[in-house]
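Read through the structure below, which is laid out as structure tokens, and then see the notes.
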Amino acid sequence: MSGFTALLARDLRLVWRRPGDVMVVLAFFVVATVLFPLGIGPETNLLARIAAGILWCAALFAALLSLDRLFAADYEDGALDLLLLAPWPLELAALAKCLAHWIVTGLPLAVLAPFMGLLFGLSGEGLAALGLTLLVGTPALSLIGGLAAALTLGARRGGALLALLALPLCVPTLIFGAGAVEAVATGGGFLTHLAILGALALLSLATLPWAIAAALRQAGE
Amino acid sequence: MASLHVLANPARFRRFSQKVLPVLSGATALVLAVGLYLALVESPPDYQQGETVRIMFIHVPSAWLAMAGYALLAGLGAALLVWRHPLAALMARAAAPVGAVFAAVCLLTGSLWGRPMWGTYWVWDARLTSMLLLFFLYLGHIALSRAYDDAERGDRAAAILALVGVINLPVIKFSVDWWNTLHQPASVMKLGGPSIHPAILTPLMVMAAALLLLFVVLVMVRTETEIDRRRLDAAERAQ
Amino acid sequence: MTDLEVTGLGCRRGGRPVFRDLSFSLAKGELLALTGRNGSGKTTLLRALALLVPADAGAIHWQGADVAADREAWRRRIAWLGHLDGLKGDLTVRENVATACHLREEGTERVDAALAAFELGPLASRSVRTLSAGQRRRAALARVVAAGARLWLLDEPLNALDAPSQAALRAALGQHLATGGLAIAATHAPIDVPNARTLLMDSSPPPGGEEHEP
Amino acid sequence: MSGFTALLARDLRLVWRRPGDVMVVLAFFVVATVLFPLGIGPETNLLARIAAGILWCAALFAALLSLDRLFAADYEDGALDLLLLAPWPLELAALAKCLAHWIVTGLPLAVLAPFMGLLFGLSGEGLAALGLTLLVGTPALSLIGGLAAALTLGARRGGALLALLALPLCVPTLIFGAGAVEAVATGGGFLTHLAILGALALLSLATLPWAIAAALRQAGE
Amino acid sequence: MTDLEVTGLGCRRGGRPVFRDLSFSLAKGELLALTGRNGSGKTTLLRALALLVPADAGAIHWQGADVAADREAWRRRIAWLGHLDGLKGDLTVRENVATACHLREEGTERVDAALAAFELGPLASRSVRTLSAGQRRRAALARVVAAGARLWLLDEPLNALDAPSQAALRAALGQHLATGGLAIAATHAPIDVPNARTLLMDSSPPPGGEEHEP
């Protein structure tokens, strides 16, 4: 078994031991989307108008809330040292951990979101756009969040401030994700948006594993 | 109260439930059959809503039982935290998913009903929203009680949550009512007001009794399962 | 024949030099016991040897080649036991040890023997979260044994172990050395194995010699 | 010095040592609120209409995001045992920790929110209402979140579970908080809402410290 | 005259009984060393004495009164050192020790002496995050000394300490006992202080006797 597979399998198994954990993230997503109508008021037209933004925001929050322990657990129990000492590239380890996170959060969120869209009265096409953009956009969120999680490990005072830099990195993904759904609502096509989202995800994939690995090495010192 | 105290012992509960369960299950089947007959065959279709009115006979009792179920959880939580009744934890564990299912049934039947009635599966109505929040409270309870390796810790944490939740339930209901009436006074969901015709009221009440019995039977069966599971754990550990 | 050759190694933590100009060498079958005051740099030295902490100066050679040149080959040669056990509370003891082998891209054929060496057979399918401090430490040691590495780097391996487990560790170390392994262990208590040498880390600058934090 | 003061001072000092942590929460709040104008488009009327709800929701999320480490840090480094063994009521300790949390998040959020409200075109009166309701409402959020944080100690996936537990309980505060700002916008008085918010905060204050203490005792076992 | 009287104590962890029917008593100036296999219940016993873990059965009396009757008075009498150090990494050593005193609602007049007892003077204004394992343990011990409590509950206090620090601990313990204090310490190495008695926790049911986890 390659180390990459082993790590992926381990993380998925850890989640499998407590299947409730995935449910919790999804439940959080549902609760969060419900909170916005409670804050804004129950007018159906208004809600349909802002549904895309709300659902994408809630997905971001759900991803972020489940990300903060991504590396911290390994850091605190010493398992991070074992990853740093594994005889294969740390970049792959970073990728495996982000992939495991995406499988247990991004993927289910993309499946669930269209159902929540129903509550907000989105059209059928809008629902499809929502699911697709989330499917394409969430890998970038997992990677960016993974970077923030790695940067905030341990002692460095600057860590928190660096995370502050990572947050705005999510903004483009959100804008194009929410924008795609709205484009559908206003009669436009969403393929351009989807392509841009895909490009963002690929860009993250091509750069962030290195950044995450560097941050993890810092934390190991 | 004294008789309840006797049941606090899991072994005694077993003996009690083994005697009572067959009778209770039979009664449930009987009342359910009568109720379904009354609801589906006997009662007239509504002059406005047509045949879909029959959804109500499941929908409304489910709503009641979902609410009663949470009160039961809180009571069991208090019993666990204050008197340390060992049975209370097992019963709460058994009851939470049953209550959640009734809440889900209420939500599902309601939104299926909403489609023909309101033309949409969902509106942000106060009653709907507060039932949704109750469902979330159930989910939180279930997730928390299963979040620990040590089942007893999960039981007690969930008991604390149930107590706090039940204090908050009226507050949530009140605030949601207030929230909705401000923006959307008197929504579509006004059927006959309090004056329901006996032709509908009778099957409704019979169905409510049937589902209540079902609730009790389910909780008892699940409690027995929980007792067995704990026994099994203990036996394995003692080896 | 010396396998490991450390020359002129120097490290700093948080801007303070911890040790300077440290040199030693270690041959097959030898154990180096690091002793010295708290804060004299034993942990730092072990981490520097594993390339977890960058060294200020000096070099580490394995069979003549600088280990920093091929980090992955070097990592394959070492097994690590830190202050922290590095176990996952949600996995069982066996799963923890087996996963560690997989992460090294190795098979799990040594796992059972390693568990047996530390009397972990009966605990093998308990999840680590429910173990006592010493039981966890034993599981971490089993992980080291199962790794099948040439060089063991152990940071206070005796911590939290009861007397029979300490004997088990000594036996495992003895066998590792007898089969041509090397080991470096930071410790405050003597480890009685044959072929043990001791390196006293003396703290100059003394561990308490620093003033205010910058 | 009383134990309560000592604990409060310790927690504030810990935050003071890492000011970045507070900055991250505030940055999160800003990013989350800025996102909506970006996603929804520049229709001023619409934005002003939903401003209260969005800002309150964002504040709620920001508060929750920072809550998950409230007791977890003490739990993991063993300091919780010292609190459990302190010779004064644990309820006071729970209160001190929640108060410290409020001082470093609720208070800055209440100060910052009116500035964000400017972006949404809220009226001067609306801005004042926003700040005031946050000031009165956030203590309840800190306490509710504190309970969720204490209940999830030692459970995995703390962050998301915490949010799932806390969010439904936060609904009343959210509704009256956002409602107050909207009442101002529609010409109504917001004092009733403020009074209700105050009542909610007092209710939390009167009940939750006990629940939190009970949950902490569980965690110490 | 015995101050502490434990009768018939029994505890379980995760549904398993750890020990049953444990009785002992301790008088002024005495140390009780808890020894036994890993997992025999030393930590559990200490936590039960501190009322952190509820006991299944039995009672703990202090000078004739049940300690569960007035928990706050009891907590004032005990000082705690756990497996974990209970220090805040972002605070300095002195701040940590002083805060612990404040949290007990006591003054900080004993802090300097306690720091000096463990040679922590030069490290007093370093933040704990930058300390080595043994330095941290010493800071945690200084916290215990500064608490000025009658009964010390110590879980493996010798862990990670170098030889001079172990001697310092022994001296501190000796003085505590000489001034009428009591101490209970779980340990795998002998603590040589006068008036030390040993309680061997034997693990029946044996610690490894369990099978599969459910």
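Chains: A, B, C, D and E, in written order; residue numbering restarts at 1 for each.
By definition in this document, a contact is a pair of C-beta atoms (placed from the backbone, for glycine too) under 8 Å apart; a residue touches a chain by one contact, two chains touch by 3 or more.
Bear in mind that the values here come from a model prediction, so they are computed numbers and not experimental data.
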Counting one step per pair of touching chains, how few steps separate chain B from chain C?
1
On a CA-centroid basis, which chain has its centre farthest from chain C's?
B
Relative to chain A, chain with the most remote C-alpha centre:
E
Interface with more contacting C-beta pairs, comparing A-B to B-D
B-D
Where chain A and chain C are represented by their mean Cα positions, the distance between them in whole Å
37
Averaging only over C-alpha atoms, locate the centres of chain A and chain E and give their separation in whole Å.
44
From the C-alpha centre of chain B to that of chain E, how far is it in Å?
48
Of all residues in chain C, which are in touch with two or more distinct other chains?
83, 90, 127, 130
When you check chain D against every other chain, which residues touch at least two of them?
18, 76, 156-157, 161, 164, 167-168, 171, 175, 221
Multi-chain contacts in chain B: which residues touch at least two other chains?
133, 136, 139-140, 143, 147, 149, 176, 179, 182
Spell out the part of chain D that touches chain B in their complex, as residue ranges.
147, 151-152, 154-157, 161, 164-165, 167-169, 171-172, 175-176, 179, 200, 203, 207-208, 211, 214-215, 218, 221
Complex contacts: residues of chain C adjacent to chain E
13-14, 35-39, 43, 83, 92, 119-123, 125-127, 130-135, 137-138, 156, 159-166, 188-189, 207-213
Under the touch definition given earlier, write down the residues of chain C that touch chain B in their complex.
90, 127, 129-130
Flag every residue of chain A that touches chain D in the complex, lowest number first.
18, 20-21, 24-25, 27-28, 31-32, 35-36, 38-41, 46, 49-50, 52-53, 56-57, 61-62, 64-66, 68-69, 76, 157-161, 163-164, 167-168, 170-171, 174-175, 178-179, 182
Inside the complex, what are the residues of chain E that reach chain D?
47, 50, 52-54, 72-73, 75-76, 78, 80, 82-91, 95, 99-100, 102-105, 127
